[in-house]
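Following this message is one structure expressed as C-alpha coordinates.
As written, the chain order gives the labels A, B, C and D, with residue 1 at the start of each chain.
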Amino acid sequence: MIILQITGAILVILGLVFFLGAAVGVVRFPDFYSRMHAAGKGDTLSTILMLLGIVCFLIADVPWAAVIHGDFSLLVEPILTSIKVLMIALLIMVTSPTSTHALMQAGYDSGIKPHLSEADDDSTPSDEETPTP
Amino acid sequence: MELFFKLAGMALFVLMLPIFYRLIAGPNAMDRILAVNVIGTKTTVLLVIIGMIFARVGMFVDFALAYALLNFIGSLAAARYYHQDRLRQERGAS
Amino acid sequence: MAPMKIVALITVIITGGLLLYATGDFPAWGDPLSPANNSALSRHYIEQSRVETAVPNLVTAVLADYRGYDTMFETVVVFVAGLAILAVLGQGTSRERAAIQRSAERYQERDMINIMTARLIVPVLQLFSLYVLAHGHYSPGGGFQGGVMFGASFILIALAGGLPEALSRLSIPGALLLAGLGVLLYGGTGLVCMMLGQNFLDYHILHRLLPATDAVMARYHAMLIVEIGVAFTVTAIMFIIYAALSSRGRMTGGL
Amino acid sequence: MIAVFDICILIFLVAIAIIALSVKDLLASAMILGIYSFLMCLLWAEMGAVDVAFTEAAVGAGVSTVIMIATVYQTSRKSSD
(Lines give C-alpha, C1' and ligand atoms only; values in the text may rest on other atoms or scores of the structure.)
Protein backbone atom coordinates (compact mmCIF):
# COMPACT_ATOMS: atom_id res chain seq x y z
CA MET A 1 0.00 0.00 0.00
CA ILE A 2 2.99 2.27 0.44
CA ILE A 3 3.42 2.07 -3.35
CA LEU A 4 -0.07 3.48 -3.91
CA GLN A 5 0.65 6.30 -1.48
CA ILE A 6 3.91 7.16 -3.23
CA THR A 7 2.12 7.10 -6.60
CA GLY A 8 -0.55 9.39 -5.23
CA ALA A 9 2.03 11.80 -3.84
CA ILE A 10 3.88 11.85 -7.15
CA LEU A 11 0.63 12.54 -9.04
CA VAL A 12 -0.32 15.40 -6.69
CA ILE A 13 3.14 16.96 -6.97
CA LEU A 14 3.04 16.56 -10.76
CA GLY A 15 -0.32 18.35 -10.76
CA LEU A 16 1.19 21.18 -8.72
CA VAL A 17 4.06 21.44 -11.23
CA PHE A 18 1.61 21.70 -14.13
CA PHE A 19 -0.36 24.31 -12.24
CA LEU A 20 2.89 26.24 -11.72
CA GLY A 21 3.32 26.14 -15.50
CA ALA A 22 -0.22 27.43 -15.99
CA ALA A 23 0.31 30.23 -13.45
CA VAL A 24 3.59 31.34 -15.07
CA GLY A 25 1.93 31.22 -18.46
CA VAL A 26 -1.00 33.31 -17.30
CA VAL A 27 1.37 35.99 -15.99
CA ARG A 28 4.02 35.99 -18.72
CA PHE A 29 2.30 35.38 -22.04
CA PRO A 30 1.81 38.45 -24.20
CA ASP A 31 -1.83 38.39 -25.30
CA PHE A 32 -5.19 37.03 -24.25
CA TYR A 33 -5.29 34.02 -26.57
CA SER A 34 -1.94 32.60 -25.50
CA ARG A 35 -2.83 33.20 -21.85
CA MET A 36 -6.06 31.33 -22.38
CA HIS A 37 -4.06 28.50 -23.97
CA ALA A 38 -1.78 28.21 -20.93
CA ALA A 39 -4.63 28.50 -18.48
CA GLY A 40 -6.94 26.03 -20.23
CA LYS A 41 -4.50 23.20 -20.77
CA GLY A 42 -2.38 23.48 -17.64
CA ASP A 43 -5.39 23.97 -15.42
CA THR A 44 -7.35 20.99 -16.74
CA LEU A 45 -4.39 18.63 -16.68
CA SER A 46 -3.25 19.65 -13.21
CA THR A 47 -6.77 19.27 -11.82
CA ILE A 48 -7.15 15.79 -13.27
CA LEU A 49 -3.71 14.68 -12.03
CA MET A 50 -4.35 15.93 -8.51
CA LEU A 51 -7.73 14.22 -8.34
CA LEU A 52 -6.18 10.95 -9.55
CA GLY A 53 -3.54 11.26 -6.84
CA ILE A 54 -6.27 11.73 -4.24
CA VAL A 55 -8.00 8.60 -5.54
CA CYS A 56 -4.74 6.68 -5.01
CA PHE A 57 -4.61 7.90 -1.40
CA LEU A 58 -8.25 6.90 -0.86
CA ILE A 59 -7.68 3.36 -2.13
CA ALA A 60 -4.54 3.05 -0.01
CA ASP A 61 -6.54 4.03 3.07
CA VAL A 62 -8.89 1.04 2.86
CA PRO A 63 -8.14 -1.46 5.69
CA TRP A 64 -7.13 -4.22 3.28
CA ALA A 65 -6.23 -6.68 6.04
CA ALA A 66 -9.87 -6.79 7.21
CA VAL A 67 -11.17 -6.93 3.64
CA ILE A 68 -9.04 -9.96 2.81
CA HIS A 69 -10.55 -11.71 5.82
CA GLY A 70 -13.98 -11.34 4.24
CA ASP A 71 -15.35 -8.08 5.65
CA PHE A 72 -16.38 -6.53 2.35
CA SER A 73 -18.66 -3.92 3.92
CA LEU A 74 -15.58 -1.81 4.63
CA LEU A 75 -15.05 -1.47 0.88
CA VAL A 76 -18.37 0.27 0.17
CA GLU A 77 -17.68 3.79 1.34
CA PRO A 78 -14.12 4.26 -0.01
CA ILE A 79 -15.10 2.90 -3.40
CA LEU A 80 -18.18 5.13 -3.56
CA THR A 81 -16.04 8.15 -2.68
CA SER A 82 -13.39 7.16 -5.23
CA ILE A 83 -16.01 6.86 -7.94
CA LYS A 84 -17.30 10.32 -7.07
CA VAL A 85 -13.79 11.81 -7.24
CA LEU A 86 -13.20 10.10 -10.59
CA MET A 87 -16.56 11.53 -11.69
CA ILE A 88 -15.32 15.01 -10.80
CA ALA A 89 -12.20 14.41 -12.91
CA LEU A 90 -14.34 13.23 -15.81
CA LEU A 91 -16.69 16.20 -15.59
CA ILE A 92 -13.77 18.64 -15.42
CA MET A 93 -12.35 16.93 -18.48
CA VAL A 94 -15.61 17.76 -20.28
CA THR A 95 -16.54 21.17 -18.91
CA SER A 96 -13.18 22.92 -18.63
CA PRO A 97 -12.29 22.70 -22.36
CA THR A 98 -15.82 23.82 -23.18
CA SER A 99 -15.55 26.90 -21.00
CA THR A 100 -12.11 27.60 -22.51
CA HIS A 101 -13.68 27.39 -25.95
CA ALA A 102 -16.55 29.65 -24.90
CA LEU A 103 -14.18 32.25 -23.46
CA MET A 104 -12.02 32.14 -26.61
CA GLN A 105 -15.16 32.83 -28.63
CA ALA A 106 -16.01 35.64 -26.26
CA GLY A 107 -12.54 37.16 -26.69
CA TYR A 108 -12.99 37.02 -30.46
CA ASP A 109 -16.43 38.57 -30.15
CA SER A 110 -15.19 41.37 -27.92
CA GLY A 111 -12.65 42.34 -30.59
CA ILE A 112 -9.31 41.43 -28.97
CA LYS A 113 -6.59 41.20 -31.60
CA PRO A 114 -3.91 38.50 -31.26
CA HIS A 115 -0.34 39.58 -30.60
CA LEU A 116 1.42 39.04 -33.92
CA SER A 117 4.47 41.32 -34.15
CA GLU A 118 7.91 40.26 -32.96
CA ALA A 119 9.22 43.81 -32.67
CA ASP A 120 7.60 44.95 -29.43
CA ASP A 121 8.08 41.57 -27.79
CA ASP A 122 9.99 42.72 -24.71
CA SER A 123 8.45 46.15 -24.34
CA THR A 124 5.12 45.42 -22.64
CA PRO A 125 3.98 41.87 -22.00
CA SER A 126 0.54 43.09 -20.97
CA ASP A 127 -0.63 44.70 -24.20
CA GLU A 128 -3.62 46.91 -24.72
CA GLU A 129 -6.60 45.85 -26.74
CA THR A 130 -5.26 46.81 -30.18
CA PRO A 131 -1.54 46.13 -30.75
CA THR A 132 0.06 47.58 -33.87
CA PRO A 133 0.21 45.07 -36.72
CA MET B 1 -0.29 12.10 5.02
CA GLU B 2 -2.25 14.89 6.67
CA LEU B 3 0.86 17.06 6.62
CA PHE B 4 1.36 16.28 2.95
CA PHE B 5 -2.13 17.48 2.09
CA LYS B 6 -1.74 20.59 4.20
CA LEU B 7 1.45 21.40 2.32
CA ALA B 8 -0.27 20.70 -1.01
CA GLY B 9 -3.13 23.02 -0.09
CA MET B 10 -0.71 25.75 0.94
CA ALA B 11 1.18 25.28 -2.33
CA LEU B 12 -2.10 25.72 -4.22
CA PHE B 13 -2.77 28.93 -2.34
CA VAL B 14 0.72 30.24 -3.10
CA LEU B 15 0.38 29.31 -6.77
CA MET B 16 -2.90 31.22 -6.92
CA LEU B 17 -0.99 34.47 -6.30
CA PRO B 18 0.14 34.89 -9.96
CA ILE B 19 -3.47 34.37 -11.03
CA PHE B 20 -4.46 37.09 -8.58
CA TYR B 21 -1.87 39.35 -10.22
CA ARG B 22 -3.63 38.79 -13.54
CA LEU B 23 -6.93 39.52 -11.80
CA ILE B 24 -5.68 42.88 -10.52
CA ALA B 25 -3.57 43.98 -13.48
CA GLY B 26 -5.45 42.36 -16.37
CA PRO B 27 -5.59 44.89 -19.18
CA ASN B 28 -9.20 44.19 -20.03
CA ALA B 29 -12.21 42.31 -18.71
CA MET B 30 -11.50 39.08 -20.59
CA ASP B 31 -8.24 38.53 -18.70
CA ARG B 32 -10.09 38.90 -15.42
CA ILE B 33 -12.71 36.39 -16.51
CA LEU B 34 -9.89 33.98 -17.45
CA ALA B 35 -8.45 34.31 -13.95
CA VAL B 36 -11.88 33.66 -12.45
CA ASN B 37 -12.17 30.50 -14.53
CA VAL B 38 -8.78 29.18 -13.37
CA ILE B 39 -9.48 29.91 -9.70
CA GLY B 40 -12.90 28.29 -9.96
CA THR B 41 -11.44 25.04 -11.25
CA LYS B 42 -8.82 25.00 -8.54
CA THR B 43 -11.45 25.49 -5.83
CA THR B 44 -12.81 22.03 -6.64
CA VAL B 45 -9.42 20.49 -5.89
CA LEU B 46 -9.05 22.58 -2.75
CA LEU B 47 -12.39 21.32 -1.45
CA VAL B 48 -11.34 17.69 -1.94
CA ILE B 49 -7.98 18.43 -0.29
CA ILE B 50 -9.71 19.99 2.73
CA GLY B 51 -11.81 16.83 2.89
CA MET B 52 -8.63 14.73 2.94
CA ILE B 53 -7.21 16.86 5.74
CA PHE B 54 -10.31 16.35 7.88
CA ALA B 55 -10.47 12.65 6.77
CA ARG B 56 -14.12 13.19 5.71
CA VAL B 57 -13.86 13.05 1.93
CA GLY B 58 -17.22 11.32 1.60
CA MET B 59 -18.88 14.47 2.89
CA PHE B 60 -16.85 17.04 0.97
CA VAL B 61 -16.84 15.29 -2.37
CA ASP B 62 -20.56 15.97 -2.79
CA PHE B 63 -20.23 19.68 -3.12
CA ALA B 64 -16.96 19.45 -4.99
CA LEU B 65 -19.01 17.55 -7.57
CA ALA B 66 -21.73 20.21 -7.48
CA TYR B 67 -19.02 22.81 -7.98
CA ALA B 68 -17.50 21.04 -10.96
CA LEU B 69 -20.95 20.88 -12.55
CA LEU B 70 -22.00 24.46 -11.87
CA ASN B 71 -18.72 26.30 -12.39
CA PHE B 72 -19.10 25.93 -16.14
CA ILE B 73 -22.34 27.95 -16.24
CA GLY B 74 -20.67 31.23 -15.25
CA SER B 75 -18.13 31.29 -18.05
CA LEU B 76 -20.79 30.16 -20.52
CA ALA B 77 -22.93 33.13 -19.46
CA ALA B 78 -20.00 35.52 -19.95
CA ALA B 79 -19.42 34.11 -23.44
CA ARG B 80 -23.09 34.53 -24.30
CA TYR B 81 -22.91 38.12 -23.04
CA TYR B 82 -20.08 39.03 -25.43
CA HIS B 83 -21.73 37.25 -28.32
CA GLN B 84 -25.05 39.00 -27.85
CA ASP B 85 -23.27 42.30 -27.27
CA ARG B 86 -21.49 42.02 -30.61
CA LEU B 87 -24.74 41.12 -32.36
CA ARG B 88 -26.43 44.09 -30.72
CA GLN B 89 -23.68 46.45 -31.89
CA GLU B 90 -23.85 45.11 -35.45
CA ARG B 91 -27.61 45.54 -35.40
CA GLY B 92 -27.20 49.10 -34.13
CA ALA B 93 -24.60 49.89 -36.80
CA SER B 94 -26.49 48.52 -39.79
CA MET C 1 -10.01 58.69 -5.04
CA ALA C 2 -13.46 59.68 -3.98
CA PRO C 3 -13.99 60.08 -0.23
CA MET C 4 -16.69 57.40 -0.17
CA LYS C 5 -14.22 54.92 -1.63
CA ILE C 6 -11.71 55.68 1.11
CA VAL C 7 -14.41 55.08 3.72
CA ALA C 8 -15.35 51.79 2.06
CA LEU C 9 -11.69 50.71 1.89
CA ILE C 10 -11.13 51.50 5.56
CA THR C 11 -14.28 49.56 6.50
CA VAL C 12 -13.16 46.54 4.49
CA ILE C 13 -9.67 46.59 5.99
CA ILE C 14 -10.95 46.94 9.57
CA THR C 15 -13.49 44.14 9.13
CA GLY C 16 -10.90 41.87 7.55
CA GLY C 17 -8.42 42.63 10.32
CA LEU C 18 -11.00 41.78 12.98
CA LEU C 19 -11.83 38.52 11.22
CA LEU C 20 -8.15 37.64 10.98
CA TYR C 21 -7.69 38.47 14.66
CA ALA C 22 -10.63 36.27 15.62
CA THR C 23 -9.41 33.17 13.74
CA GLY C 24 -7.08 32.28 16.61
CA ASP C 25 -10.00 31.64 18.97
CA PHE C 26 -11.85 29.02 16.95
CA PRO C 27 -12.54 25.73 18.71
CA ALA C 28 -11.34 22.62 16.91
CA TRP C 29 -13.81 20.70 14.75
CA GLY C 30 -16.02 18.59 17.01
CA ASP C 31 -14.64 20.05 20.22
CA PRO C 32 -17.12 19.10 23.00
CA LEU C 33 -16.20 22.22 24.99
CA SER C 34 -16.90 24.69 22.20
CA PRO C 35 -19.20 27.56 23.21
CA ALA C 36 -21.93 26.44 20.82
CA ASN C 37 -22.54 23.38 23.01
CA ASN C 38 -23.07 25.29 26.23
CA SER C 39 -26.78 26.07 26.16
CA ALA C 40 -29.36 23.46 27.12
CA LEU C 41 -31.19 23.75 23.81
CA SER C 42 -28.22 22.94 21.58
CA ARG C 43 -27.23 20.09 23.87
CA HIS C 44 -30.77 18.73 23.51
CA TYR C 45 -30.50 18.93 19.72
CA ILE C 46 -27.11 17.23 19.68
CA GLU C 47 -28.02 14.42 22.05
CA GLN C 48 -31.69 13.77 21.27
CA SER C 49 -32.25 14.55 17.58
CA ARG C 50 -31.07 11.11 16.51
CA VAL C 51 -33.43 9.48 19.03
CA GLU C 52 -36.41 11.70 18.28
CA THR C 53 -36.26 11.89 14.49
CA ALA C 54 -33.92 9.10 13.31
CA VAL C 55 -32.13 11.56 10.99
CA PRO C 56 -28.33 11.30 11.20
CA ASN C 57 -27.71 14.78 9.76
CA LEU C 58 -28.35 17.17 12.63
CA VAL C 59 -28.66 20.20 10.37
CA THR C 60 -31.51 18.71 8.37
CA ALA C 61 -33.34 17.71 11.55
CA VAL C 62 -33.07 21.21 13.02
CA LEU C 63 -33.91 22.93 9.75
CA ALA C 64 -36.93 20.91 8.68
CA ASP C 65 -38.36 19.73 11.98
CA TYR C 66 -37.40 21.73 15.07
CA ARG C 67 -37.38 25.02 13.17
CA GLY C 68 -40.01 24.20 10.60
CA TYR C 69 -41.61 27.64 10.73
CA ASP C 70 -38.32 29.26 9.78
CA THR C 71 -37.84 27.12 6.70
CA MET C 72 -41.48 27.45 5.68
CA PHE C 73 -41.38 31.22 5.67
CA GLU C 74 -38.01 31.18 3.90
CA THR C 75 -39.73 29.22 1.15
CA VAL C 76 -42.53 31.76 1.11
CA VAL C 77 -39.94 34.56 0.84
CA VAL C 78 -38.36 32.89 -2.19
CA PHE C 79 -41.80 32.46 -3.74
CA VAL C 80 -42.76 36.09 -3.15
CA ALA C 81 -39.41 37.25 -4.56
CA GLY C 82 -40.10 35.44 -7.81
CA LEU C 83 -43.62 36.87 -8.01
CA ALA C 84 -42.27 40.36 -7.30
CA ILE C 85 -39.69 40.12 -10.09
CA LEU C 86 -42.38 39.03 -12.54
CA ALA C 87 -44.67 41.85 -11.38
CA VAL C 88 -42.01 44.60 -11.50
CA LEU C 89 -40.59 43.71 -14.91
CA GLY C 90 -43.99 43.33 -16.53
CA GLN C 91 -44.48 41.65 -19.87
CA GLY C 92 -44.22 44.44 -22.42
CA THR C 93 -46.67 44.99 -25.25
CA SER C 94 -47.31 42.19 -27.69
CA ARG C 95 -45.89 44.25 -30.59
CA GLU C 96 -42.65 44.74 -28.69
CA ARG C 97 -42.39 41.03 -28.01
CA ALA C 98 -43.00 40.20 -31.64
CA ALA C 99 -40.28 42.67 -32.72
CA ILE C 100 -37.78 41.17 -30.28
CA GLN C 101 -38.66 37.69 -31.47
CA ARG C 102 -38.18 38.58 -35.13
CA SER C 103 -34.79 40.18 -34.56
CA ALA C 104 -33.71 37.37 -32.26
CA GLU C 105 -34.63 34.79 -34.88
CA ARG C 106 -32.75 36.62 -37.59
CA TYR C 107 -29.57 36.85 -35.52
CA GLN C 108 -29.86 33.45 -33.92
CA GLU C 109 -26.55 31.64 -33.99
CA ARG C 110 -25.83 29.12 -31.27
CA ASP C 111 -22.53 27.41 -30.67
CA MET C 112 -22.63 23.69 -31.42
CA ILE C 113 -19.98 22.77 -28.83
CA ASN C 114 -21.90 24.51 -26.04
CA ILE C 115 -25.12 22.75 -27.01
CA MET C 116 -23.44 19.33 -27.06
CA THR C 117 -21.76 19.86 -23.68
CA ALA C 118 -25.04 21.07 -22.23
CA ARG C 119 -26.73 17.92 -23.51
CA LEU C 120 -24.08 15.90 -21.74
CA ILE C 121 -24.10 17.88 -18.49
CA VAL C 122 -27.82 18.52 -17.96
CA PRO C 123 -28.85 14.89 -17.23
CA VAL C 124 -25.92 14.47 -14.83
CA LEU C 125 -26.79 17.73 -13.12
CA GLN C 126 -30.47 16.84 -12.74
CA LEU C 127 -29.71 13.34 -11.49
CA PHE C 128 -27.16 14.67 -9.02
CA SER C 129 -29.59 17.30 -7.76
CA LEU C 130 -32.17 14.59 -7.11
CA TYR C 131 -29.49 12.65 -5.22
CA VAL C 132 -28.70 15.74 -3.16
CA LEU C 133 -32.38 16.19 -2.39
CA ALA C 134 -32.99 12.58 -1.42
CA HIS C 135 -29.73 12.05 0.44
CA GLY C 136 -30.08 15.19 2.55
CA HIS C 137 -30.90 13.11 5.63
CA TYR C 138 -27.47 11.48 5.61
CA SER C 139 -25.05 13.97 4.07
CA PRO C 140 -24.98 17.74 3.54
CA GLY C 141 -27.63 18.90 1.16
CA GLY C 142 -31.39 18.96 1.11
CA GLY C 143 -34.22 20.72 -0.58
CA PHE C 144 -32.71 24.13 -1.14
CA GLN C 145 -29.44 22.93 -2.63
CA GLY C 146 -31.10 20.30 -4.79
CA GLY C 147 -33.64 22.83 -6.01
CA VAL C 148 -31.01 25.40 -6.89
CA MET C 149 -29.07 22.81 -8.89
CA PHE C 150 -32.20 21.64 -10.69
CA GLY C 151 -33.02 25.25 -11.56
CA ALA C 152 -29.44 25.76 -12.73
CA SER C 153 -29.90 22.90 -15.19
CA PHE C 154 -32.77 24.80 -16.84
CA ILE C 155 -30.60 27.94 -16.86
CA LEU C 156 -27.89 25.91 -18.60
CA ILE C 157 -30.39 24.82 -21.27
CA ALA C 158 -31.41 28.45 -21.72
CA LEU C 159 -27.79 29.60 -22.05
CA ALA C 160 -26.77 26.94 -24.52
CA GLY C 161 -29.86 26.58 -26.67
CA GLY C 162 -31.73 29.83 -26.17
CA LEU C 163 -34.51 30.91 -23.87
CA PRO C 164 -37.37 29.45 -26.02
CA GLU C 165 -35.68 26.05 -25.80
CA ALA C 166 -35.82 26.17 -22.00
CA LEU C 167 -39.33 27.66 -21.94
CA SER C 168 -40.59 24.74 -24.02
CA ARG C 169 -39.43 22.45 -21.20
CA LEU C 170 -40.65 24.54 -18.26
CA SER C 171 -43.03 27.32 -19.24
CA ILE C 172 -43.62 30.32 -17.00
CA PRO C 173 -47.20 29.30 -16.00
CA GLY C 174 -45.93 25.79 -15.35
CA ALA C 175 -43.10 27.14 -13.23
CA LEU C 176 -45.51 29.29 -11.23
CA LEU C 177 -47.74 26.27 -10.70
CA LEU C 178 -44.73 24.27 -9.52
CA ALA C 179 -43.68 27.02 -7.12
CA GLY C 180 -47.14 27.28 -5.66
CA LEU C 181 -47.32 23.50 -5.37
CA GLY C 182 -44.10 23.52 -3.35
CA VAL C 183 -45.43 26.05 -0.84
CA LEU C 184 -48.72 24.13 -0.72
CA LEU C 185 -46.89 20.89 -0.01
CA TYR C 186 -45.05 22.48 2.90
CA GLY C 187 -48.03 24.30 4.36
CA GLY C 188 -50.36 21.39 3.67
CA THR C 189 -48.20 19.04 5.69
CA GLY C 190 -48.53 21.44 8.59
CA LEU C 191 -52.29 21.73 8.12
CA VAL C 192 -52.72 17.95 8.04
CA CYS C 193 -50.88 17.81 11.36
CA MET C 194 -53.34 20.39 12.70
CA MET C 195 -56.34 18.43 11.46
CA LEU C 196 -55.11 15.33 13.23
CA GLY C 197 -55.18 17.26 16.50
CA GLN C 198 -51.60 18.40 16.97
CA ASN C 199 -49.79 21.71 16.56
CA PHE C 200 -48.89 23.14 13.17
CA LEU C 201 -45.88 21.27 11.67
CA ASP C 202 -45.79 18.75 14.52
CA TYR C 203 -45.05 15.80 12.31
CA HIS C 204 -45.10 12.83 14.65
CA ILE C 205 -48.91 12.54 14.49
CA LEU C 206 -48.59 11.69 10.78
CA HIS C 207 -47.90 8.05 11.63
CA ARG C 208 -51.66 7.57 11.47
CA LEU C 209 -51.65 8.43 7.77
CA LEU C 210 -48.31 7.12 6.53
CA PRO C 211 -48.38 3.31 6.33
CA ALA C 212 -46.21 1.11 8.55
CA THR C 213 -44.39 3.84 10.48
CA ASP C 214 -44.13 4.74 14.12
CA ALA C 215 -43.99 8.27 15.50
CA VAL C 216 -40.22 8.62 15.00
CA MET C 217 -40.21 7.43 11.41
CA ALA C 218 -43.22 9.66 10.66
CA ARG C 219 -41.05 12.66 11.46
CA TYR C 220 -38.31 11.23 9.25
CA HIS C 221 -40.63 10.84 6.25
CA ALA C 222 -42.47 14.12 6.79
CA MET C 223 -39.12 15.91 6.61
CA LEU C 224 -38.54 14.37 3.18
CA ILE C 225 -41.97 15.58 2.00
CA VAL C 226 -41.23 19.07 3.25
CA GLU C 227 -37.82 19.13 1.56
CA ILE C 228 -39.44 18.10 -1.73
CA GLY C 229 -41.80 21.06 -1.38
CA VAL C 230 -38.86 23.43 -0.83
CA ALA C 231 -37.09 21.95 -3.86
CA PHE C 232 -40.14 22.50 -6.11
CA THR C 233 -40.41 26.16 -5.12
CA VAL C 234 -36.71 26.90 -5.42
CA THR C 235 -36.36 25.17 -8.80
CA ALA C 236 -39.22 27.09 -10.33
CA ILE C 237 -38.31 30.45 -8.81
CA MET C 238 -34.63 30.27 -9.83
CA PHE C 239 -35.65 29.66 -13.42
CA ILE C 240 -38.31 32.38 -13.33
CA ILE C 241 -35.81 34.93 -11.97
CA TYR C 242 -33.29 34.11 -14.69
CA ALA C 243 -35.85 34.12 -17.49
CA ALA C 244 -37.39 37.41 -16.39
CA LEU C 245 -34.11 39.23 -15.75
CA SER C 246 -32.29 38.11 -18.89
CA SER C 247 -35.14 39.10 -21.19
CA ARG C 248 -36.46 42.14 -19.28
CA GLY C 249 -39.74 40.32 -18.64
CA ARG C 250 -40.44 39.84 -22.36
CA MET C 251 -39.59 36.08 -22.26
CA THR C 252 -38.12 36.22 -25.76
CA GLY C 253 -34.60 36.99 -26.88
CA GLY C 254 -32.40 37.44 -23.87
CA LEU C 255 -28.92 36.08 -23.31
CA MET D 1 -1.65 24.47 10.95
CA ILE D 2 -5.26 24.61 9.72
CA ALA D 3 -5.31 28.20 10.99
CA VAL D 4 -2.89 29.06 8.18
CA PHE D 5 -5.63 28.05 5.73
CA ASP D 6 -8.01 30.35 7.58
CA ILE D 7 -5.66 33.30 7.35
CA CYS D 8 -4.89 32.66 3.65
CA ILE D 9 -8.58 32.51 2.75
CA LEU D 10 -9.43 35.60 4.81
CA ILE D 11 -6.62 37.68 3.25
CA PHE D 12 -7.76 36.58 -0.19
CA LEU D 13 -11.34 37.52 0.73
CA VAL D 14 -10.34 41.07 1.69
CA ALA D 15 -8.24 41.39 -1.47
CA ILE D 16 -11.09 40.13 -3.67
CA ALA D 17 -13.56 42.51 -2.02
CA ILE D 18 -11.27 45.46 -2.72
CA ILE D 19 -10.71 44.36 -6.33
CA ALA D 20 -14.43 43.89 -6.95
CA LEU D 21 -15.07 47.39 -5.62
CA SER D 22 -12.34 49.04 -7.65
CA VAL D 23 -13.00 47.47 -11.07
CA LYS D 24 -14.97 49.81 -13.33
CA ASP D 25 -16.27 47.13 -15.68
CA LEU D 26 -19.44 45.72 -14.14
CA LEU D 27 -19.23 42.41 -16.01
CA ALA D 28 -15.75 41.72 -14.63
CA SER D 29 -16.99 42.84 -11.23
CA ALA D 30 -19.82 40.29 -11.36
CA MET D 31 -17.37 37.52 -12.24
CA ILE D 32 -15.02 38.60 -9.43
CA LEU D 33 -17.91 38.34 -6.99
CA GLY D 34 -18.01 34.73 -8.18
CA ILE D 35 -14.50 34.27 -6.74
CA TYR D 36 -15.69 35.88 -3.52
CA SER D 37 -18.34 33.20 -3.36
CA PHE D 38 -15.77 30.42 -4.07
CA LEU D 39 -13.59 31.62 -1.22
CA MET D 40 -16.60 31.95 1.06
CA CYS D 41 -17.50 28.33 0.28
CA LEU D 42 -13.95 27.21 1.09
CA LEU D 43 -14.09 29.13 4.35
CA TRP D 44 -17.38 27.57 5.43
CA ALA D 45 -16.17 24.11 4.47
CA GLU D 46 -12.91 24.55 6.30
CA MET D 47 -14.65 25.79 9.46
CA GLY D 48 -16.95 22.75 9.44
CA ALA D 49 -20.26 24.37 8.42
CA VAL D 50 -20.75 21.91 5.61
CA ASP D 51 -24.41 22.56 4.80
CA VAL D 52 -23.81 26.29 4.52
CA ALA D 53 -20.84 25.58 2.26
CA PHE D 54 -23.04 23.45 0.03
CA THR D 55 -25.61 26.23 -0.23
CA GLU D 56 -22.90 28.74 -1.05
CA ALA D 57 -21.45 26.40 -3.69
CA ALA D 58 -24.82 25.75 -5.32
CA VAL D 59 -25.98 29.37 -5.32
CA GLY D 60 -22.69 31.19 -5.80
CA ALA D 61 -21.10 29.06 -8.50
CA GLY D 62 -23.96 28.90 -10.92
CA VAL D 63 -27.04 30.92 -10.30
CA SER D 64 -25.99 34.24 -8.77
CA THR D 65 -23.21 34.88 -11.31
CA VAL D 66 -25.55 34.16 -14.20
CA ILE D 67 -28.30 36.37 -12.79
CA MET D 68 -25.87 39.25 -12.30
CA ILE D 69 -24.54 38.88 -15.85
CA ALA D 70 -28.10 38.85 -17.17
CA THR D 71 -28.81 42.06 -15.26
CA VAL D 72 -25.64 43.70 -16.59
CA TYR D 73 -26.69 42.68 -20.10
CA GLN D 74 -30.02 44.46 -19.74
CA THR D 75 -28.51 47.61 -18.15
CA SER D 76 -25.27 49.48 -18.79
CA ARG D 77 -21.84 47.91 -18.61
CA LYS D 78 -19.68 50.65 -17.13
CA SER D 79 -19.84 51.77 -13.51
CA SER D 80 -20.68 55.45 -13.23
CA ASP D 81 -18.84 56.51 -10.08
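Going forward, a contact is a pair of C-beta atoms (placed from the backbone, for glycine too) under 8 Å apart; a residue touches a chain by one contact, two chains touch by 3 or more.
All of these numbers come straight from a predicted model, not from anything done at the bench.
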Pair joined by more contacting C-beta pairs (C-D or B-C): C-D
Computed distance of Cα centres, subunit D from subunit C, in Å: 19
Euclidean distance of C-alpha centroids - subunit B vs subunit C, Å: 23
Length of the line joining the C-alpha centres of subunit B and subunit D, rounded to whole Å: 11
Two or more other chains in contact with one residue: find those residues in subunit A. 91, 95, 98, 102, 105
At least two partner chains per residue is the criterion; list those residues in subunit C. 29, 111, 114, 117, 121, 124, 132, 140-141, 145, 149, 152, 155, 159, 255
For subunit D, write out the residues touching at least two other chains, lowest number first. 50, 53-54, 58, 62-63, 66, 69-70, 73
Based on which chains touch which, is the overall arrangement a line, ring, star, complete graph, or other? other
Applying that definition of touch, give me each pair of chains that meets it. A-B, A-C, B-C, B-D, C-D
Would you mind writing out the residues of subunit D in touch with subunit C in their complex? 3, 6-7, 10-11, 13-14, 17-18, 21-22, 47-48, 50-51, 53-55, 58-59, 62-63, 66-67, 69-71, 73-74, 81
Complex interface listing, subunit B residues touching subunit C: 54, 58-59, 62-63, 65-66, 69-70, 72-73, 76-77, 79-81, 83-84, 87, 91
Going by the contact rule set out above, which residues of subunit A touch subunit B in the complex? 5, 9, 12-13, 15-16, 19-20, 22-24, 26-27, 32, 35-36, 39, 43-44, 47, 50-51, 54, 57-58, 77, 80-81, 84-85, 87-88, 91-92, 95-96, 98-100, 102-103, 105-107, 109-112, 126-129
Which positions of subunit A touch subunit C when the two form their complex? 91, 94-95, 98, 101-102, 105
Which subunit B residues qualify as touching subunit D in the complex? 3, 6, 9-10, 13, 16, 20, 23-24, 28-29, 32-33, 36, 39-40, 43, 46-47, 50, 53, 59-60, 62-63, 66-67, 70-71, 73-74, 77-78, 81, 84-85
